[in-house]
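Following are the structures in question.
One chain, subunit A, appears in both complexes that follow, with subunit B as partner in the first and subunit C in the second.
After this line comes the complex of A and B, so read on.
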């Protein structure tokens, strides 16, 4: 289905005129495709059928419950992302154009989702390499899609170089295994697992770690997440991790079949990597002033939590992994969609607090209009509901009890403690308290600067200048009535901007899921336990 | 029912404190008084059940601390000691609440006052009824805090705030040692339950017990104003009179005595502590008497007499006559509360705020009811036959002689002197208040009249108590078969009451009475006929002695100059160089700056250049190959290099 849909979208894209409305149409079609794929998957594969898992394509791929549920999660996240792409975010098109997209973005995303889904199903090392290339190349292209932006090109190039290094290392490991026993299929490798040099699997794992940017190889990921446009960062900082972490989970399950000291050594080594990632992910973000850099560190941190759940290899670990990845994706998407909305409220100018008359330009790229954490200050006065949603998401990242992040961390802690990783558990606690500092910094910027906000942004002037900018953008298309309304409003409520129903609906639903997850917590855990029944025979 | 005793006052306090501004003055007063009244009724019901019917109650609400072998429950124990202590506490607390209705009538912050008062009662009840040392300690701390709040209730006056701080500081000094004592008990027996510790008493090392008891004794000495830690008592007379009457007659000062009576099981196995208690009690009872005869503040005199009587209770503990100490504790509470209340009535009636007895005089015609109350209380305090004080006080002094030990004999003379001094300052107080020449302005006398009737109801009740209660419950506490022996332990070697009963001469028994009556008569004669002999500033030598006593042995000055200043200096140094110096540098500041520095480094690394990143990746690959080849040693070396790049 996905393959055929790619064809359709390719044809559509090539005949489409380069205009915003048409792009939206293409995106909506790909949205429909994704929803349809999800429906088909849900209808075909159910838990009772997949208890043992079955092989497809000549034993190249294997589907079991874990893979299946992760396919669903990836498709759902993809649908949410596509929803963001396919609708306007406000009623003013000129502002909407701030989030610039290319018309072939949706095509690339469908390619990439295909790659991500197949990557989790991999049962053969050759196919692993092929699919990881499929996934990676589409990611490089997505990263570099705004090719007129310097930063975007730069980050795409970084990603390409480092990602190809990772692929090279994976290939190295594959060669090593093939050299030892002459087999590439994972099921056969498991049979001869004691004969091969297990460090080759470790090298494959290292390659995967490079792909998701864990600690010793984290540098490039921070850079590209910071430099690429916000809309793209939203995608590339979340989606690859979902599938690659699942692949790592499968590989570690294989490693755990070995019963000797080598196994222990490997787990120790991965623990060390987790430890370093935790420390860097927490300390690195402390004096960061760019919001996307901060979120990149935060994602590094969260990936290391998930990896901790993965290596602990007991019944809880799968539950913890699935729950954590689900709630993290929701929180992540929520935060990024709010960040996407903030430029609507922001002036393209910032006022100097010392000298109110002196207005000067601050570098704000149109690809990522919200660059610095201090720009979030606007939100509280402009749209308090959005601000509250943002704060709730960050609370969830910190792990405040009734929110979803708390349960995720709790499950990770339980799974690691069940396996006796006391040192890593203590590190997790310390690190999450350190990371609470930089999350708290965002909350401080958001909410505790009311008076300061009030003085800096003199509303009347602010509105007038905003109108000037709007005029500059496009005089004809502005709605006159709205402008008049704005002039009369002394409070300076920037009400000319109404949010689109679509994005508000997404944000509110995601926030409600974050808040009310405790209601359905038992059911979620029960569901993940069913998944667990299928894979741990 | 136990829950009702303990928590009804807390509920009243919370309602008055938090909802006071919504329910208004009248209702908050009513609710607080009602809550204490409920506590009172249940206490009396339990008193009959426990003392007459020999029941014993233990109420464990829930588990509090459960670590290893240490189990501490929220448990309450009502046995004979706690119910006997509870009787004066709750009775006087209730009467003081009623008294305060009038006394604090014109105060704008009554809800707060009644909330504090009731909270104090809660703390005291918690202290008395707890079945382990931790609950006791909780109550101990609560009354410390509540007494601070009550003493500095009129906090806009600088002296009130200062004396509140003084009281808190002194009590904290004792509490520190109490905590150390509790820790040692945990170290020794692994539990804080009374039963566990007391049932092991004979098997524990005497030295260890002595150390524990010294710590407990220091805690008790600061609460129960023994000489050396007594300064807060005199300063705390700044608080409102109902507060003084509650704190310094019935509750705060007897907390220490209660703890020592409770610890009778272990005190008996440590003879050194008995002697220490005896000596400290003897010294403080005599010294406070000497201070009192030269003091001029009406409430301060009464406070010093409290100190003297608590000293006598300590004497009772020191000669292992715990039932005597407990009996004196009960009786003393009633007439001392009456004395405080009468003093408050006079202050309230005069209304100019002066508390110096030299400014009063000739109040007999104006305040007859108050005179009667103060006379009854004073006579009871002087231990005139038939009144309450006679039964409780003289028997302790006799037992000192009847113990036939050297220490007991010496302390007997101390106690005798104290008893004599008691009658001297009581007579002096009465004479100055009621019979002296009128020394106040005429305006005061024109407007001087008795207080509202409601104020005299608790005083009347207490007057009846201080006449009759000693006679009524004498046999219950002093008799040979008193049920109290079930809950306290007297080592057979220290059992003196048979000797006291049958071997003493009659004149020894009557000596305190004779001396006090004799000196009273002499004093009255001097006041009436030879007053010029009392112009002490004319005499060269008596002047200095008078100054010495009047300035309370210069103890405040000594403790200020030598203890407070040096300890303040030390704490200044600690604050500057340890708390705000090393600890801040290594702790919050250092950690935060270190982590920020690290964060800077990491971020520099991230945004450095592409070459470094590729280099790092290859480095990591080599790192993997290192492990591939040999041991972890290489790996750690590589890691260290990696960190320092």
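After this line comes the complex of A and C, so read on.
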């Protein structure tokens, strides 16, 4: 289905005229495709059929419960992302260049989702290399999609160089295994697992660690996430991690089948990596002033938590991994969509490309208007509901109960303590309280100035310029009452710019999931336990 | 209990809804949310006092257990007393901030009310995980209250409470998870009936004491408390001093004394030494402080040290004494905070001790209340504090005669710092740095009176409360029955 739909979208993309309105139509079609794929997947694969898991395409791919549920999660996250792309952000079309996209972005995203889904199903090492290239190349293209922007090109090239290094390290490990036993299929490798040099699997794992940017190889990912446009960062900092971590989970399950000292050595090496990435993820974010850099460090931290759950190898590890990745991606998407909305409330010169005297345009780029943490102050007096949503998401990342982040952390701690990783659990505790400092910094910027009315005072110039622009815009779009209301309102500014229903719906649903997850916690755990049934640990 | 929770939940939701939709216009009806919150709080206080009639004093164990949202809730005598204290102080803290916060009062009142409700729920939950959740969830309203409405140093105070409390209670979470892995169950009743091996118990004790010791607070980890108490707005510091500190004592009762009692008896000498260091050190530090609110905050550290000594005494005198002292401190310390941080700060807008002198001449009623509560705080007979401190010290001396004897130092030392403060404020000539202002308002008079009455009445007839406590405290004593 995905393959055939790619054809359709390709044809459409080539036909279509280059206008914002038409781009949205293509995005909507790809949104429908994604929803259709999700429905088909839910209908075909159910839990009772997949308990043993079956091989498809000549034993190249294997599909079991864990993969299936991760496919669903990836598709759902992809649908939410596509919803952000495909609808107008506000009711006024003229200023709706908030999300600057190329017309072929949706095509690339569908390619990438195909790669991500196949990557989790991999059962053969040759196919692993092929699919990881499919997934990575589309990611490089997505990163560099805004090709007028210097930063975007830079990050794309950087990603390409480091990512291809990672791919070749994976190929190296594959060759090592093939040299030993002449096999590439993972099922056969499991049979002869005692004959091969197990460090080759470790080399494959290291290649994957480079791809998701874990600690010794973390520098490039933070640069990329900072430089690329916000809309793109939203995608590339979350989606590859979902599938690559699942692949790592499968590989570590293979490693755990060996019962000798080498196994212990490998687990110790991986736990060293986890330790380093926890420390760097917490301390690195301390003095950061850019919001996207901060979120990059926080994602490094969260990935290391998930890896801790993965290596602990007991019943709780898969439950913890599934729950944590679900809640983390919800929180992540929520935070990024709010960050994408904030520019609506700053000055509108950015979106008015005809105007040449852009006085405010010195620091701020068109592609990522919200660059610094201090810019978040805008949100407080303009839209308090969004501000509350943002604060709730940040509290969830800190891990304060009863928000979803706490339950994820609880399950990770349960799985790691169950296996006796006391040192790593204590590290997790210390690290999460260090990271509370920089999350607290965001909350400070967001809410502590509520009494000073800092915003009204400081951004008055912005307001005047905004009102002028709005007047210049097509007058049919705004009715006069709104404008009059706006002029009378003292602290009024962009308050005529209402958000689109769709966006508000997404953000409110995600926030409610974060808050109310404690009510359905037992059911969610039961559901993830069902996923466990097919997987033999 | 169910009615209480439903009342609070719907009340808060309804208030927010009314205010948002402007069904009742706020401009005509000033302070609408403040009034609504006050009504909800008083109604729930009425409901919970009605519960006193329903229960039977001779029933052992948790009473009136119900299940709400997958959580078992119920209470025994100790919990009931603490909930009543919480709601009582809740009413007082809402009234105390009724006038002096001007901007964004609605948000403040809602945060305060949610803080009260969550802390009240903490005393009724019946399993470890939900205890931890409710223990931690108070961080959100506290962080926001201190960060938004705090004093000049509010950022530091907000970070202090976030990071200190989060870090320490995550260690507590590790211990709780350890218990969960062992039993696959965290219900109080289930885990009370089992014994963990001694090696594991000592590990658990370290984790749990880190979490509870920061909230209590014990000496090496007490530094967050003076800053936070002095910088937070008045209602926040009333609730912090009155209830948040008692959460730790309650946690010790529920987790340490009933689950890992062997090791907490074995390590009692170490905890005693820490307690005595807390008492003496914090009392000496108090003598050199100049900030009025910081003085009160440090004095509450030393009183909580006495509570710690009593609770680990393993006899009825000590345990009941420490609960009584908690209750008494919950009346007196908020009153002192209202006197210092509320009344004096509202009038003169500074908290430095040296500016004030001779307030008796122009504020006689204030001086009367100040002297009364100072005497109560030092533990003079006829006050409820006297009974608590007397029982605590005698319990500690029975347990360890030599170490316990040091506890008596707290009486002398608290008299030292308290009367240094009171003397400076009330006696002498009127300070030339101060302008003459009015005496207590009716609102302040009302609050102080309603804090003074229970202190005095319970000091004369302590049996009213102690009867509730005896049976459930008896269950906490560790003894081997042959």
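What we mean here is this: the second predicted complex is superposed on the first by the 492 of 537 C-alpha atoms of A that agree within 3 Å, B and C clash if a C-alpha of one lies under 4 Å from a C-alpha of the other, contacts with A are read in each partner's own complex, and residues count from 1 in each chain.
What we mean here is this: a residue touches a chain if its C-beta (ideal position, glycine included) is under 8 Å from a C-beta of that chain, and two chains touch if they have at least 3 such contacts.
Everything numeric in this text was worked out from a predicted model, so none of it was measured.
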{"item": "Superposed partners subunit B and subunit C on subunit A - clash or fit", "value": "clash"}
{"item": "Partner chain in contact with A:519 - subunit B first, subunit C second, else both or neither", "value": "second"}
{"item": "Touched partner set for A:202, first subunit B, second subunit C, both or neither", "value": "first"}
{"item": "Contacts of A:402 with subunit B and subunit C, given as first, second, both or neither", "value": "second"}
{"item": "Touched partner set for A:219, first subunit B, second subunit C, both or neither", "value": "first"}
{"item": "Touching partner for A:418 - first (subunit B), second (subunit C), both, neither", "value": "second"}
{"item": "Which superposed partner A:165 touches (first subunit B, second subunit C, both, neither)", "value": "first"}
{"item": "Which superposed partner A:284 touches (first subunit B, second subunit C, both, neither)", "value": "first"}
{"item": "Partner chain(s) touched by A:52 [first = subunit B, second = subunit C, both, neither]", "value": "neither"}
{"item": "Residues on subunit A lying within both footprints (that of subunit B and that of subunit C)", "value": "none"}
{"item": "Residue numbers on subunit A that touch subunit B, as the complex places them", "value": "158, 161-162, 165, 169, 197, 199, 202-203, 206, 210, 216-220, 222-223, 265, 269, 272, 280, 283-288, 293, 434"}
{"item": "Residues of subunit B touching subunit A in the complex", "value": "595-596, 598-600, 602-603, 605-608, 610, 612-614, 616-617, 620-621, 623-624, 627-628, 639, 642"}
{"item": "Residues of subunit A defined as touching subunit C within the complex", "value": "395, 398-402, 406, 410, 413-414, 417-418, 425-426, 429-430, 432-433, 436-437, 440, 443-444, 447-448, 450-451, 518-519, 521-522"}
{"item": "Residues on subunit C engaged by subunit A in the complex (per definition of touch)", "value": "69-70, 103-104, 107, 129, 132-134, 136-137, 139-140, 143-144, 147-149, 154-155, 158-159, 162-163, 166-167, 170-171, 173-174, 177-178, 180-181"}
